[in-house]
Amino acid sequence: MKIYTKRISLITNKNFELIDVTDTVKRIVSESNIRNGFSIIFSLHTTTGLIIQESEEGLMKDIVNFFEKIVPREFENYRHTHYFYKDGRMAVNPWAHLRSILTGLSLTVPVENRDLLLGGRQRIFFVELDGPQRRTFVVQVIGE
Amino acid sequence: MKIYTKRISLITNKNFELIDVTDTVKRIVSESNIRNGFSIIFSLHTTTGLIIQESEEGLMKDIVNFFEKIVPREFENYRHTHYFYKDGRMAVNPWAHLRSILTGLSLTVPVENRDLLLGGRQRIFFVELDGPQRRTFVVQVIGE
Amino acid sequence: MKIYTKRISLITNKNFELIDVTDTVKRIVSESNIRNGFSIIFSLHTTTGLIIQESEEGLMKDIVNFFEKIVPREFENYRHTHYFYKDGRMAVNPWAHLRSILTGLSLTVPVENRDLLLGGRQRIFFVELDGPQRRTFVVQVIGE
């Protein structure tokens, strides 16, 4: 068994942003020299997500609109506040945490013949839910 | 470490359908001759899901009704359209993609003594969210 | 490859309760003597969840309030009923199952240097959705 672990950092540009990281993960799988096994993709933040979806411009907008509707930013009963060091102020961002619970923040994907085993329309998206910020996710490739 | 990978295809019958695939996955675990480890079940489609739930007829209806309510088919702002080759027309199915984000499309289940380690009421369901269609999911069994 | 599997039982105290089990999982990782690999945390119940979130009192209340709102207990069309042996009566608890679908009931976390590889604010929570009850979850540590 071989285990290959890499940390990937990225700077997000928007408050809510879907970033296609499929090619990054595929490159790490290739580097690992692991032929068969699987990959764990794991975000280190509680206001981000990781999902597998189709890459289509209209769908990206539908995803943002859906989460804005189902977990609204304005809700009088929110209790969670968060100190933003960069802004020197308290902020109320429980909606970002709640959205992260719904998306999930890690993925497990089979690896076959030195590549991710994905469906024809499947792409891996890192989901920024409270940006812009510097973010890090871990890619592990495990197998033989 | 042994890695045993199988693809399972199925034809779904309804637009929204929950299909109990527990026995199929258990058969693959048994075939694999892996005594202890885990299994990854991974759908290759972005309008399907995989969940673990109790198998009970009333609950199956509640799941369908809940997703129809929380991610409605009719919403004037949907942007995503999809070409259905079989129908020769464009269709608007972002609700199926959004439902898939909420269910998730893969599972990881412990394997012990050549069987899935599931709770007494737990069954594995493949969730068709935009059928009927031919679908494929991957079952990997990894361990010793 | 080493595989170390433990079952953890706990008694929950509330109907909807978030229980920080991070230290329990870390102790099992340490006991396993596995230096690098990953951990699978898997609940054996269909009315519980497992999530990774920040541990903050206000956020805990926001999570409860959000799920009470999005999957309400009172809904005239619920079909699923469940016999509670301890109470000798039928109960309607589909909301607990539906909430479990949204949270998910298992997690996969990287292990590095004999410890969970978590972000600075990430904690692992077992989510009781239909308590109080005795519950069990499985922790597997896999690696070298």
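The first chain written gets the first letter, and so on, giving A, B and C; residue counts start at 1 in each chain.
One rule holds for everything that comes next: contacts are C-beta pairs under 8 Å (C-beta built on N, C-alpha and C of every residue); 3 or more make two chains touch, one makes a residue touch a chain.
These figures come from a predicted structure and were not determined experimentally.
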item: Residue-number overlap at the chain B/chain C interface, same or different (half cut); value: different
item: Rotation angle superposing chain A onto its copy chain C by C-alpha atoms, nearest 5 degrees; value: 120
item: Chain centre separation in whole Å, for chain C relative to chain B (CA means); value: 21
item: Residues of chain B touching at least two other chains; value: 1, 70, 102, 104, 108
item: Chain B partner contacts - residues on chain A that touch it in the complex; value: 1, 36-38, 51-54, 56-59, 61-63, 65-66, 70, 102-104, 107-110, 112, 117-122, 143-144
item: List of chain A residues in touch with chain C within their complex; value: 1, 3, 5, 40, 42-46, 70-71, 77-81, 94, 97-98, 100-102, 104-106, 108, 136, 138, 140, 142
